[in-house]
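Order of writing sets the labels: A, B, C, D, E, F, G and H. Residues in every chain begin at 1.
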């Protein structure tokens, strides 16, 4: 309920069209609507063309399918992430039109309403091939959000020429998501090469003193390239959502 | 050396105006210029209207003043951060036109060239009053970058009404920087209230198990509001630079 | 040996019925009884109407059943926690009257003596659906302790309206247990909304920089809402016991 | 604004006594009041007889005094914590009636309104003499909250008889706050001796592998006495607030 | 090569029976023997009546059996630790006289030479039943070293009377090994009760903030009972070896 | 109250000289005395010839002197540790007969009663010269306990010959305390050279990744020489007390 | 593109053989070649006689085989590391000439071109038998690099004579790789014995407070033997590459 | 005692010039000399032309000067590191010929014997200007070891052109020492650019999540450029010693 609607409600009360008790009920029973924030509901943006998101980790197969069915019943699309192979298969069996990305461990079903395009593209850059699952989660999320993306894979800093030769593509990107494990050095180099927003995603790739992603996480937080921001370890979904916050029309 | 200049050089070679060996020398001795990235130089964007940045920590008083003089000699402005009181005073004595922010520990001197405005505003939200130095560093940096900002101070989540009553201002912001120590919970709440990009800055405020900012850092990295990004502990400067990456025209 | 028994012993000494050396022996051999604490025995409160607790983790199937049988043989009830599915099944096979909670991984058998009610209710609030096993462990423990509870599930801070719309229930609770993983921000918000005791339970839900519950644990210890207390990661049982310490008549 | 007041407002609108725009203004400008929580404001309980709290750390001398004057101007009392000696002196110079506790580093000024008593007492137990500053912060806070407390100092577990000989006092307490550094073992023992709520406060006392309170913090979180809760390192204030949540009439 | 043998060698040189170059070769090729330490060889003490130790972790089944056979071929006994069930079975099949302890995961074969008794007893005290595997590893090692031990199980500090009632046994012990997980508080209490050497063994028992034994490890290192020493997490073998160093005749 | 006194009390009851109720009161009010542990009091052993210990850290100058005076008033001696220079001077001014060790930061005053000798010697071995303060704290404590010690300083493993050339002394020691910072490798080598008990003391000597003693602490806990035990970082006092537990006649 | 090629290109421009725009394109599209570093490509050294390296972890069976086939198709050899048994078998089935090392989990195929020898040998020293997989990975890598190596296994510092008796071999080595878990003390001792470069490799061998290799890692970084360098936990491959950097002719 | 001397001793025994018992005494009392390692003494290499090293940290002014005088008395030179300003001044006052480096905090006095040159040069590369003290410590150590060095300062990865333009110098270096704080990403880039040995030195430069050098330390240990080795945080001396091990003739 925005200010105009609230005013309308109050005027209806003033005109006797609505009983005060009923008006109170409207305001009190669903306080979220009565807040002066039209955007309080975090799902709102997603529902407006964007699909809903089902976080698959820690949910049973039945739960995932049930939630997906409930969403799809209204003609909405959904994006499900962190799915085991069996859950991916179950969703595809139920929704043959769904798009599966095995590497990303995601399933996406487009909604009935056409998706409004988000300006892009977002470059998703990875240091090594083992960072691909995280990069793919980001790209699938971007796809579900209606945002074009392009991938620059395996361009880690130990062989600089690989990155430098992709300058044209990097410069075209309106947001750059950099995915790296091990030393996590790539965002510092990319942040020095482009002026666009850089979102760094540490991955749990590496062993020993990588400590399941702690090493690249710290590297990225301490990036000597000013203005690089960081999301949680392996959180490709979060990086894509941050890119969408940046690119989304308002 | 941009593409045009490189082409000019090659044409001079083609016309015999420059010897191939000499041309090789020009290209080889300063490879940075020969890279196909016009934006390789991270200082470039700053120089184009933005001031240069002097990181004061670990520099002697003489070093800071000398660097500032060298920059100002060319008519450029500068922003100096992490300055002890004595360094702030020394810079002001040398540059009476400079603007000092004691809380932020910054000194800013505008350059001769008028600063191109960056669209805003950026909301800088703090959980408590002790987060103000970090917030002020962000705001001074934004000011130096030509970007308007507004401050919502002391609106921590333990008293939700303080934040909820500032909804109008929050919604106006094109980027929201959220500064919080202790439990670092504020970005999660703000991230749920606004659709704009949210940059979280953990601070070293707190004691005991806050472990000098580790606690709010982890909180923010694990934010349940999707798409929140994080910078280093107490890094108000970095958050502002990230906001500028987002807002800057390209 | 309680005070009455000790007095009786001393009187027997005074009457010459018992030799002083023998009395010394009685007192010395079993010091626990000679302590002036009627409450030294931590199991005592539980035995007085409350069931005994069998901590299932690290015990073999046989051990769990044997302990349960020994307890039940005296007509006492028991609560068994942290049970694998097979142990739950074994207990139910042996005690058909027992109540199983698969999510909580608990089995509860009521004792012969009627359970004295503990005033409540205790609200058990969770940030997400994956926090439910911990919440259910708390609720089953409360049930076994004779204390009513109510659940407010999936009301995390990224969508504040979910929590705010449950104000009526929150206010009714005499103790609030808040269960959250990831950013662990929920107890700070709840602690600001209610005046009742708030017990925060971090969960190991989350990945990457959640570090198996370390992140929400630190968040909760640093809660900016004054007077929030914390128990171990995933320790729903401990939170319920703490609530019982608060609510129990004395 | 509670439900009754909201209804009254809406009825006034219905009766034309209040203009709809004005009513919207009342509801929108201060959303905190429009929330269905009468207790949203965390300061409320304190203001009703309890003093306001000024957290002194990170505030300048002038700030502390100014805040104190603003509070006292309304006839309210205040409790200021974490004050340097000079700030304590400044407050006492300004408020001769204030009560200073140098060990606790607190200053308390009673308000004009008589303080409603909170049932107690709360036992504040310390393992060693160096834990006293934290214990005293807890006791001064309890005093400011109108709650009686009693101190059992230097009764660490390495000399059990010291604790066991104080059984009478321990049993009388309605809440027990246990303050300990180093091994932090005391709450486990106390938790086994009493049935009352036990709030454990780790302190930064100790050296080497105590890691500034990390060791006793972990000990307490893992207490083998069921139902012990924990607050932040050195947080005597928080423990007292938790005790007040428990004891406070509702 | 002991001193006598070295002297003999030098005398042979003096008598011309051995060439100086050859003598140099003897001394140089095997410097261990030429060291003035008769005790350089850490296995020496074990071989003199004590069995050799086979650390089973990370060894294949074949390797364990082969090593055991080599030792036994000389009539020596052995103690094998950290053995999987299959390795235990394989050793027993090969050495029917061997003694298996499934809880401790050890296999012990007595040597032909009678074991010289080590004065004792050593008390092995555990906080909970899940600490038994570690305690049993200590007791089996003590048995293999010819040292009597007695067990006080499940006497954790949350129920003090359980420990206090075993005072007689505790006082009889010449060394006390205290095994505890979770809060690790037991050694502090035991260290205050007895004057004998106390060796604390943290276990990985517990969950959440026990962090696989880190919590009790830190507790024990910070024990407020002076003179308590600590060994590695779950290292019952090491504790027994430390006890043997203390008790062994010299 | 020891056994004799308890027996005397009971006999007085038997003879009618004391009323049973009064006797109960005596036993109940001071349970420490009624415990069948003659050794419950941790200070007891020290008082029997050993001096009392004053832990200086965190105590004011006045407190230290006052405690020392109270002890000395009874003709007892004391050992004060962790004293600032000014506290050392104050104690010496007050007790001219006291022995000061500036490196160890200790002051020792012998009691009137002659100290019973404890069999030794204890070798105190240090890896480097900067470990001397910790070693000296251990040696002063041993001196105060009446136990002879000998020092092997600066014999770190990077120059093995330094240690190997001291074999004679090492072999004579009945207990070996090994003090080392940085890599903390010395106890592993010493533990392989001697059969006596080895107590390892990590020190905070070193920088960077020594993390204030964490590195040598972990090294020592993982010593590949079986039976090495460890005390807290910089805890020379604790190591000496552990040695005394081992050597003390019982 | 090396300097000669660049010069050739520029001369072609000078002679009109190549259009300036085309030349710009050549330089710009592949900047790596235009860099004045002939060695920018990290694979270059390997390709010149050395095999390419396939890091097997996180790659599917098909990916590993496909990559190997692509390399071998050109007559090049390869070294594959971190391979599961099934991947080792698959590679051997496909390349019967390949050399498998099950302990090291590597597969090596020699290329058609004869491998240029690298001066050696490199001594690979291990503290215990469980460090062998890491040592073998180092030795297989050295073998693939054409560098001779020799192994000194199970010479940990707890039995110094084992190491000292191998002095001759140690002195012959031009580089010494020291592999150790648990206390990680061996590199400090070796570093004191030899003047050659010492590369320390911590392993994840050990349990409890070894924290998966953290303990030996810290030990090695703090080695009191000057000039010891360290690589990642379990990184035998990296140590061998570092040795090759040292030994390789330039 | 080297092999020749030992042979001479044995021949003297053979010739009756020395009694076997006396020979045993010579061999046994000073085992270091009797070891078959000519290089056991870690100082040996230094003494042969290289100066001795005095580690200044934790030593008093008097100790430093006294040690320096003892060394210089024999005509040897010395290098003193980690010196406070006052210690630097005291050494220069005593040794006017000494060379002081205030940034490096070192004092170097050349010995009487001419220093044998070590082949070089060693490139010392720093990411930022605040890394200079560590870099200078490395360069002063190299100077004292007779090894030429060259410095590439402030060439961090956020502005790649700075590093790339120094390719000529980098390629000339026989060993590259890379000094970096904050993200510690520079060694990964340098390791990809050069084939020479790369020694990475993390510095404590940075704040917040740099955790006093932990972040760059982890980055470097996880470097994706194969064969990079790492020394302790801020350990410029150790890196130089490692370079000397590599370059030193043998």
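Just so we're on the same page, a residue touches a chain if its C-beta (ideal position, glycine included) is under 8 Å from a C-beta of that chain, and two chains touch if they have at least 3 such contacts.
For clarity, every value in this text was computed on a predicted model and none was experimentally measured.
> Quick one: which chains contact chain E and chain H both?
F, G
> Fitting on CA atoms only, what is the rotation between the copies chain C and chain E? Please report it in degrees, nearest 5.
An angle of 90 degrees brings one copy onto the other.
> Would the interface of chain F with chain H count as same or different, where same needs over half of all numbers used to appear in both copies?
At the contact between chain F and chain H, which are copies of one sequence, the residues are largely different (under half shared).
> Of the other chains, whose C-alpha centre is the longest way from the centre of chain D?
If we average the C-alpha coordinates per chain, G ends up farthest from chain D.
> With chain centres defined as C-alpha means, what is the inter-centre distance between chain A and chain E in Å?
55
> If you average the Cα atoms of chain B and of chain C to get two centres, how far apart are those centres in Å?
50
> What whole-number Å value describes the gap between the mean CA coordinates of chain A and chain F?
59
> Compute the distance, rounded to whole Å, between the mean C-alpha positions of chain E and chain G.
Whole-Å distance between the two chain centres: 39.
> Out of chain B, which residues touch more than one other chain, so two or more?
31, 35-36, 40, 42, 158-160, 164, 167, 191-193, 208-210, 214, 217, 221-222, 225-226, 232-233
> Judged by the touch rule stated earlier, which pairs of chains are there in contact?
Touching chain pairs, listed by label, come out as A-B, A-C, A-D, A-G, A-H, B-C, B-D, B-G, B-H, C-D, C-E, C-F, D-E, D-F, E-F, E-G, E-H, F-G, F-H, G-H.
> Under the stated contact criterion, what part of chain D meets chain B in this complex?
So the residues of chain D touching chain B come out as 29-33, 35, 40-43, 57-59, 63, 202, 204, 212-214, 217, 232-235.
> For chain F, which residues count as touching chain E in their complex?
Answer in residue numbers: 35-37, 39-40, 42, 45, 53, 164, 167-168, 171, 174, 191-199, 217, 221-222, 225-233, 237-238, 240-246, 248, 250.
> Which residues of chain H touch chain B once you look at their complex with the stated criterion?
By the definition above, chain H touches chain B via 129-130, 158-162, 164-165, 167, 205, 207-210.
> Considering the complex alone, what residue numbers of chain C touch chain B?
Contact set of chain C toward chain B: 127-128, 156-160, 182-185, 188-189, 191-193, 206, 208-211, 214-216, 218-226.
> Help me check something: in the complex, which residues belonging to chain C touch chain F?
Per the stated touch rule, the residues are 3, 6-7, 10-11, 13-14, 16, 19-21, 23-24, 27-29, 31, 34-36.
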